[in-house]
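Letters are used for the chains, namely A, B and C, taken in the order the chains are written, and counting of residues starts over at 1 for each.
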């Protein structure tokens, strides 16, 4: 989007990105505490936990996807979002495997979430520099994110 | 919205709709596994499960509501959303009933979610045909969805 | 935003605000039932419950934040959102304390959520009066919300 179109939503987006960051902090705290828990046993428990973990980060993912897409450029954001869906599918299927094998962790798709978060933050910082200093980096940010989106494919 | 206004968000919307579809797949997997679970017993368990099931699909509902409304037309989308709220209320209240009666299933409002999903998909497909082939079906899609929204009232 | 920009989303926003109100009703029902439950014991249980309670209201918070910001004015909405993040942090940290002390309740940030809800509702009502009666209170609503946002700082 043009930077002028963001006049009415830039603060909302900034608070949204902040809240997403806070959600990640909460999720890490849970993960640190969950080390000593025994894993889920029955098939229902496993699938329920897998679904629960996926759903829990879903609003955070949606918020970051849209702020990254609106504040910088939709193409790399949607690409990262697609990769996230693939990673989430592998995570969900991995949880349904045999009990003996180690279960996936609490949090997944960290790299893709970080990419979307950095995109959003860059867009917000650029809005501020454009407003206060008249310097608009948006074109460079878009070029860099488009180029670096391909790096997300590296496993 | 005009089809030109969607230029900056169409990919984001497409990924959002895809992720909603994946959420539904996850929910069905949980439902299939939950057949052999014993039902919740105490009043707190029941109300907690009912709230949990409602909250779990809430972001998916919001995402489909807004994509359907923005990509096609807000009136049928908001109408389906209102019906969804009614269905959700009946689901929640039904869960609080006596333990002896059968509990409602894991997933509810399937028809309304499907309606919103088809609206969103039609809007995205129409954007693609408009872009690549220059054919814009949006007016027909809007007419069909407005007419078929009344069919959602059939119990 | 200008009131004319809302033509395409006003119904979607109205349904969103309604659904947020319904979520709050569900949450209160759970809270009323949870009085006689024994509190969580282990550190993992506590942090898991704290994260769960925060995540459960997160989509409701995001929906109210954006509807309040778009329908009235982004500055007071973003300010209330920031305060909500602070309250949420205190809530989460308070949950991690010693088991002997009383745990925080199920629902938090009631005042901030109510502020965002009233802002959203005022914006929707104003859209209706502008459409049907030609009376536009938006400027007064914006002034009142900007002035009253500072009152949210009172503990």
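Please note the rule applied: a residue touches a chain if its C-beta (ideal position, glycine included) is under 8 Å from a C-beta of that chain, and two chains touch if they have at least 3 such contacts.
The model shown is predicted, which means the values in this text are computed figures rather than measured ones.
Residue numbering shows that chain B and chain C use the same positions for less than half of their mutual interface.
Between chain A and chain C, the superposing rotation on Cα atoms measures out at 120°, rounded to the nearest 5.
The distance from the centre of chain B to the centre of chain C, with each centre set as the mean of the Cα atoms, comes to 23 Å. For chain C, the set of residues touching two or more other chains reads 59.
Chain A makes touch with chain B in their complex at residues 1, 43-44, 47-48, 50-52, 54-55, 58-59, 61-62, 65-66, 69-70, 74-75, 77-78, 81-82, 85, 88-89, 92, 96.
Across the interface of their complex, chain C is touched by residues 8-12, 14-16, 18-19, 22-23, 26-27, 29-30, 33-34, 36-37, 56, 59-60, 63 of chain A.
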